[in-house]
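In order of appearance the chains are A, B, C, D, E and F, and numbering begins at 1 in each one.
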Amino acid sequence: MDMDRVYIENIEDGQKVVSYYMIKQAAIKTASNNTKFMDFTLMDKTGEINAKLWDCPEDAETYIEGKVIKIAGSVSIFKGALQLKINKLRLSSEEDNIVSMDYVKTAPLESEDMYQFLMNKIDEMADEDIKKITKAIYEDHKEQLLYFPAAMKNHHAIMGGLLYHVKRMLEMAEKMTEVYPVIRKDYLFCGVLLHDIAKIYEMDANEFGLVKDYTPEGHLLGHIIQGIKLVERYSEKLDVDEEKSMLVQHMILSHHSEPEYGSPKRPMIIEAEMLHFVDNIDARVYDMSEALSDVAPGEFSDRIWTMENRKLYQSES
Amino acid sequence: MDMDRVYIENIEDGQKVVSYYMIKQAAIKTASNNTKFMDFTLMDKTGEINAKLWDCPEDAETYIEGKVIKIAGSVSIFKGALQLKINKLRLSSEEDNIVSMDYVKTAPLESEDMYQFLMNKIDEMADEDIKKITKAIYEDHKEQLLYFPAAMKNHHAIMGGLLYHVKRMLEMAEKMTEVYPVIRKDYLFCGVLLHDIAKIYEMDANEFGLVKDYTPEGHLLGHIIQGIKLVERYSEKLDVDEEKSMLVQHMILSHHSEPEYGSPKRPMIIEAEMLHFVDNIDARVYDMSEALSDVAPGEFSDRIWTMENRKLYQSES
Amino acid sequence: MDMDRVYIENIEDGQKVVSYYMIKQAAIKTASNNTKFMDFTLMDKTGEINAKLWDCPEDAETYIEGKVIKIAGSVSIFKGALQLKINKLRLSSEEDNIVSMDYVKTAPLESEDMYQFLMNKIDEMADEDIKKITKAIYEDHKEQLLYFPAAMKNHHAIMGGLLYHVKRMLEMAEKMTEVYPVIRKDYLFCGVLLHDIAKIYEMDANEFGLVKDYTPEGHLLGHIIQGIKLVERYSEKLDVDEEKSMLVQHMILSHHSEPEYGSPKRPMIIEAEMLHFVDNIDARVYDMSEALSDVAPGEFSDRIWTMENRKLYQSES
Amino acid sequence: MDMDRVYIENIEDGQKVVSYYMIKQAAIKTASNNTKFMDFTLMDKTGEINAKLWDCPEDAETYIEGKVIKIAGSVSIFKGALQLKINKLRLSSEEDNIVSMDYVKTAPLESEDMYQFLMNKIDEMADEDIKKITKAIYEDHKEQLLYFPAAMKNHHAIMGGLLYHVKRMLEMAEKMTEVYPVIRKDYLFCGVLLHDIAKIYEMDANEFGLVKDYTPEGHLLGHIIQGIKLVERYSEKLDVDEEKSMLVQHMILSHHSEPEYGSPKRPMIIEAEMLHFVDNIDARVYDMSEALSDVAPGEFSDRIWTMENRKLYQSES
Amino acid sequence: MDMDRVYIENIEDGQKVVSYYMIKQAAIKTASNNTKFMDFTLMDKTGEINAKLWDCPEDAETYIEGKVIKIAGSVSIFKGALQLKINKLRLSSEEDNIVSMDYVKTAPLESEDMYQFLMNKIDEMADEDIKKITKAIYEDHKEQLLYFPAAMKNHHAIMGGLLYHVKRMLEMAEKMTEVYPVIRKDYLFCGVLLHDIAKIYEMDANEFGLVKDYTPEGHLLGHIIQGIKLVERYSEKLDVDEEKSMLVQHMILSHHSEPEYGSPKRPMIIEAEMLHFVDNIDARVYDMSEALSDVAPGEFSDRIWTMENRKLYQSES
Amino acid sequence: MDMDRVYIENIEDGQKVVSYYMIKQAAIKTASNNTKFMDFTLMDKTGEINAKLWDCPEDAETYIEGKVIKIAGSVSIFKGALQLKINKLRLSSEEDNIVSMDYVKTAPLESEDMYQFLMNKIDEMADEDIKKITKAIYEDHKEQLLYFPAAMKNHHAIMGGLLYHVKRMLEMAEKMTEVYPVIRKDYLFCGVLLHDIAKIYEMDANEFGLVKDYTPEGHLLGHIIQGIKLVERYSEKLDVDEEKSMLVQHMILSHHSEPEYGSPKRPMIIEAEMLHFVDNIDARVYDMSEALSDVAPGEFSDRIWTMENRKLYQSES
């Protein structure tokens, strides 16, 4: 089957391509000569590419988001980016033996394994109140956790990205409590596990972890406020100690650390401050690794908007 | 009885004073010559003054916050501010016929009247969901509303100040909907009535509207978050339409308008934006009137820290 | 005649269009194949659209700004925006019975009526100095006031927009003085009426309220400074009390409230502060209504640059 | 007479002082023991010192601002600053042969000479419009120019400081036009001569260049706006070319360069930009020289608030 | 000996004290009644206190910084802070068996042990270039490292504070490389070990880790620039690979991460970014622990200027 | 030969062009129809233009950066900018008598003359330490100084631009020391001569002063740090007085004046502050002259991003 596969990350200017891809976005448009054409974003687990089908087929409506198609076409550069001109296409059928997962960017670890890892950590918690609220929320959201990304764009915007983000943060948090015993492990762990849990309500994602948009409540309130409401609701239901619930809510509220990033209160307990650090560290390691992934030794990356427009250096030694 | 009363706003350098005042703060301290003395903040409805009692009496512990005392003393200037040296003092007794209200700064309108005014406005609401949640919250918090101030310091930091603030905002809001019909009256009114309601949980105030401090939850979450949780709880209890509850929560969340002032989300509906304006207008009229209250025509006030350090001008014409 | 009219707001991708439009901008350009073509911005009272005429006609120079033309063409999407390809065009003639006003965005009220409304308010002023200077300026600038917009882009950038902006502000200001008697009505009214008067000198607008550009003095000094000079000149001529003139000038100077928005002095009298609020409220109501005008219930607008990049929500309920 | 003089800059902790000083400020106050005392700021041309007279004399009202007095007293340190305790004092009389100028900080050049220097530069101007407006304004304000300081505090807050500031700027401006011929000398000179001229109307200064306060118009409009109005008035009277007057006004308007420093428009002509530079250079040389005047080699000054809180270094080599 | 010792942290208002303290600062001053007195800052390992000796003794000059004295006196509150009035004092003598270390705040670990810990880590480095430069610098600065603090005020301003800061950072860095293998351990360790090394040249500290002031070069260049020059010098001497030296210099240059905090370049390699994080984490844990050390459960600390003025919460649970 | 030359600044839309240009950048690309084409940036001493050669020739690889070519083609506007469609091209040959300098933007003065001018100024220095270090650095870098630009883009990005920038600054600095004798001439001159010297190491420029990119060290450390290291190295080698070397390094470090512009320390000696001013003045005169060079009288330039987005005015008078 690999005969019929060209990974998007390997596509080059001038190449002829015959391969399968998943449709990320599809639209029917009108060209300046008044003819219809199709405009696609195609994806596989290695990347994305824009594609055009200049003769709009009669069954255009069947080529929709989430479908895997087989195409034949050729590649050129348009405004500095690669573009795929499709000559032939069809939907994949059962005989093609397509594994959807091959076409989706996913976290490097199995979601089920990551989930179990986190549940084990929860089981080790000493504080019963903190344990029961964390556990209940993780049990009730297992289904979404298995595929949710941690973001719409930027870091961890991949299937299972939310779990992966939380897992690495938790490992970091555990090390941190070894070096600094003043940090209370249960609080920090709980903060790590729940700080982004309401992303599940903030974003509208499909089973492949692709986010179509924010939900209305996500826009109007945001995952920080939604997370606080979630904790409040479970606290009442499970009769959690009021101060403990308040501190968990405070950790969620303050985990972006600065008002301009969405936290109206700054961290006022040491675990909230450390939660902010491990969150930032994990996002930064992820983003920097990504940005440097295709930079040659001795060269710099492009300017990175989300890192104050700096360039990164791939060192030679 | 006025023989025995000198309003604090009338006290002058060099004056001999015999009068009644309420104790706002009291502390026993040690002077540099190792003797004990008492340090007071005294108040009446016209202002506050620092006072010292250099010979600490045996019954020092009976002079506590909220008590009205009779004193005799003399006034001098210490570091630019008036200070009262107490020569004699005693607690007021029944025969003194003290009316506590004379010693407390209060809103210029009766709390009960303001409350009724607001309840009438609620009764006129057309949207049943919005009406029922607003009404329930106002009914359940009537007791505190009758005395709560709108702030610890700054604008409306007086007994009944919260109701007074809301009432004037509501009058302004009503006018605004007359000029701009695009603004939905029920939403704006609801926003006005509930935007600061959780100040009741944010601050720890006594029956005279004096705020001792913020509550822990007030510090760690703040009245904006507390208000959202309150609305969420009542919405569930009263089965309010989800979108409506979400919009009310959004108005509360965004009413400070900017992240650096505590609103992680900016107003996204027109009523939220207008709520922000009427809130600011009322606070500004209050603060500017206060600041100019003792400035002579043709003169400027001192620099005002909370208004970007500007001075205000008392015009002559 | 409506047979020959397609409102720009109704134009869709793929549509054939035969209609009249006013030319907002016209230019003759050379294509990459070295042929000449015409590039238009066409407008009617519902919006604007870009249009191309690929074969440059011999009478190209007759198609100029402000002319109404009849065109036949077809619509496609180019870089995300609708574009009209013109196949045929001619200037409108007398027989077409064109009413220029149909092609221009105008305020929803008659300019003459708004002007009279404002003159009546001026006549009711109690302070003779303030009345005479305001009245003289309004009488001397009546001609321009009847068509001037309030801005080049953004809020009230429509024919009669300046009067409309002032009228709604004045209504709001009147209500405000009812709620807050401490605000002196004559000063606030005068501030409202004159705060933007020098836009007439800042911008170069034609009889339809279309602004071609800022004037050199508009660029180099700006309407705030120009307004102060105007008030100074009339004050001398009409022998206005010096302090009153100074306060009117101060209101103009400070009405943008913050240095970075053009006011080197912040409001130092309460009327100047309130002028700033009613100015902002009116602009915000206008802009928010515009931004939401074509957003479906339950949906969000695009990000709005002039409102700190936020999106607005069209609520369902 | 030097027997009876101790320069303030030479006064030390513990010293007995018999000397003449000018009263800069005087006030009668009440001590905590209810007795009256006098609180002075005394000055001579080398500095200022706080002084107390604990027994308030009967003729206290005769010791007022601007008077030169003879005192005997002793010096101690109070809260980190030197303080003079006065034991005896009297007003100076004719026999004392007091020269007021000895008690006032003045520019190092004669005011009349500086004024003539500037008038000569004006006479050399080639552009008749610019020459006539600059000359008229300098002739009409000669009296105030001879004593006005350039500021209330900070740089050039000395008698004749405004002329001194302008003269040094003009010398710098002349050099600048030699290096950069693209800069038009007449415009730059005019900008230098008039940029701060309205400080005369902004501040209320006495004949010794001591500023008591800003004037109301100074507060409400500021010398930049006042300067523009002044130029406008003279332009009309002298029939100056409109564009030239506009450019002079623009130079005044933009000479602080940034909105947050009072210029709502940034410099848009090269002479306006250069005016800003020579203004800043002269102020900075003055302030840095002052700040380093009593710092020993190898030492740093205190932090300087007006220079972004930096310290300055007195180098050894 | 404990009979003669009252730890400063235990001193209370009104107490009689007989104890030994180290002189941190001493000055002879003149009181307002013209008599001399001595003003001290006294310290022990638990804190500092201001002290006055009203009768200046003949041997005043012998009471200098770094000496341990025995005093008898009494305590009162002056302007909100405890003050010690000394009645009797003498220098400690040999018979007092004073251990200087008891009077100095020191890191909780032995300096020699921390130094060995770090040298062992250096020995484990795989990259020979990085190992040799780090080792040489640590060997050549061992003497100062054993007592140097990490700051003049703020975090780790204690004897041995620099080593303590580096050691905890190194432990954290090691954990970090376990979680994130993409981080190169040698670079990160080298960055940790050398990032603040030039504090030794930036500050002028005595053998007890007390910093008198910054050095001139410390003021004019700062430890970041000084550190780069140090690495450059050792790189040349030891013939270190150019790119490696450049990267070490870059880590030092960028470790404050933002220009306004002293790093003109932001981190461009992942190890530089992580260095910034572990530096901040260690400082924050230190400062937060300090700030909360005397706050009761359920209470908040004072506002903390260096943490954006926030208060910290001592939780009850 | 001028028959075959069309200066780029004179090229117009629609023109046929036959001329020689230097290749600034060249690339082979694939069009959407899968054919190869060449994409050029061509330059002469008057400007730059984009050019396309749609039929990629067999000898495409010979058309490289720095070569002068003869072309025939035609001009059109593409996305608002002129574009040259090449019909024929060939490399220039000896017979064409090409003078490379005609195709490169250069400073208006001869590099050798400017260099001599500066060396003469160095020879006049009184301070032997400062003279020897400045002289040695200028002698050792003469070769690069003769062609290096002062920037990659922006001001003085021309061949010899660095020398031209330094020369004009030095003239200005000399005048400045005449007006303000407090400024030490040797320090200021040294600062001017060395402030940007390490641009030679920061940027990778060819013999025509064209900068391809920053060097890795330029990116990671920047010319300010590189300059300090250069001075440090020469100081050691030449045995320069330590304080003097430190001050020269401080001038380099602080010459951008503000942290956000790359100076972690602000100027702390007067010469450092003045260095910042003359640097800014020269850059600003250069940029403003450039920006206004093709603006008609009475018109404004486009918005200029590097000058806070302002427009400049070309005055009529």
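One rule holds for everything that comes next: contacts are C-beta pairs under 8 Å (C-beta built on N, C-alpha and C of every residue); 3 or more make two chains touch, one makes a residue touch a chain.
A quick note: this is a predicted structure, and the numbers were derived from the prediction, not measured.
Counted as hops between touching chains, the shortest connection from subunit A to subunit F is 1. Farthest chain from subunit B, judged by C-alpha centroids: F. Interface repeat of B-D: among A-E, A-B or D-E, the matching pair is D-E, sharing over half of the residue-numbered contact pairs.
Rounded to whole angstrom, the centroid-to-centroid distance between subunit E and subunit F, based on C-alpha atoms, equals 46 Å. If each chain is reduced to the centroid of its CA atoms, subunit C and subunit E end up 62 Å from each other.
For the pair subunit C and subunit F, the distance between mean C-alpha positions equals 44 Å.
Shown for subunit B are the residues that touch two or more other chains, namely 216, 219-220, 243, 247, 250, 268, 300, 311, 313. Under the contact rule defined at the top, the touching pairs of chains are A-B, A-C, A-E, A-F, B-C, B-D, B-E, C-D, C-F, D-E, D-F, E-F.
Taken together, the subunit A residues at the contact with subunit C in this complex read 29-32, 34, 36, 216, 219-220. Looking at the complex, you find that subunit B touches subunit A at residues 216-217, 219-222, 224-225, 228-229, 232-233, 243, 246-247, 249-250, 253, 259-265, 268. If you check the complex, the residues on subunit C that touch subunit B are 168, 171-172, 175-176, 178-180, 182-183, 241, 243-244, 247, 250, 266-270, 273-274, 277, 280-281, 284-285, 288-289, 292, 300, 307-308, 310-313, 315-317.
The touching residues of subunit C, when paired with subunit A in their complex, are 13-14, 74-78, 83, 85, 298, 300, 311, 313.
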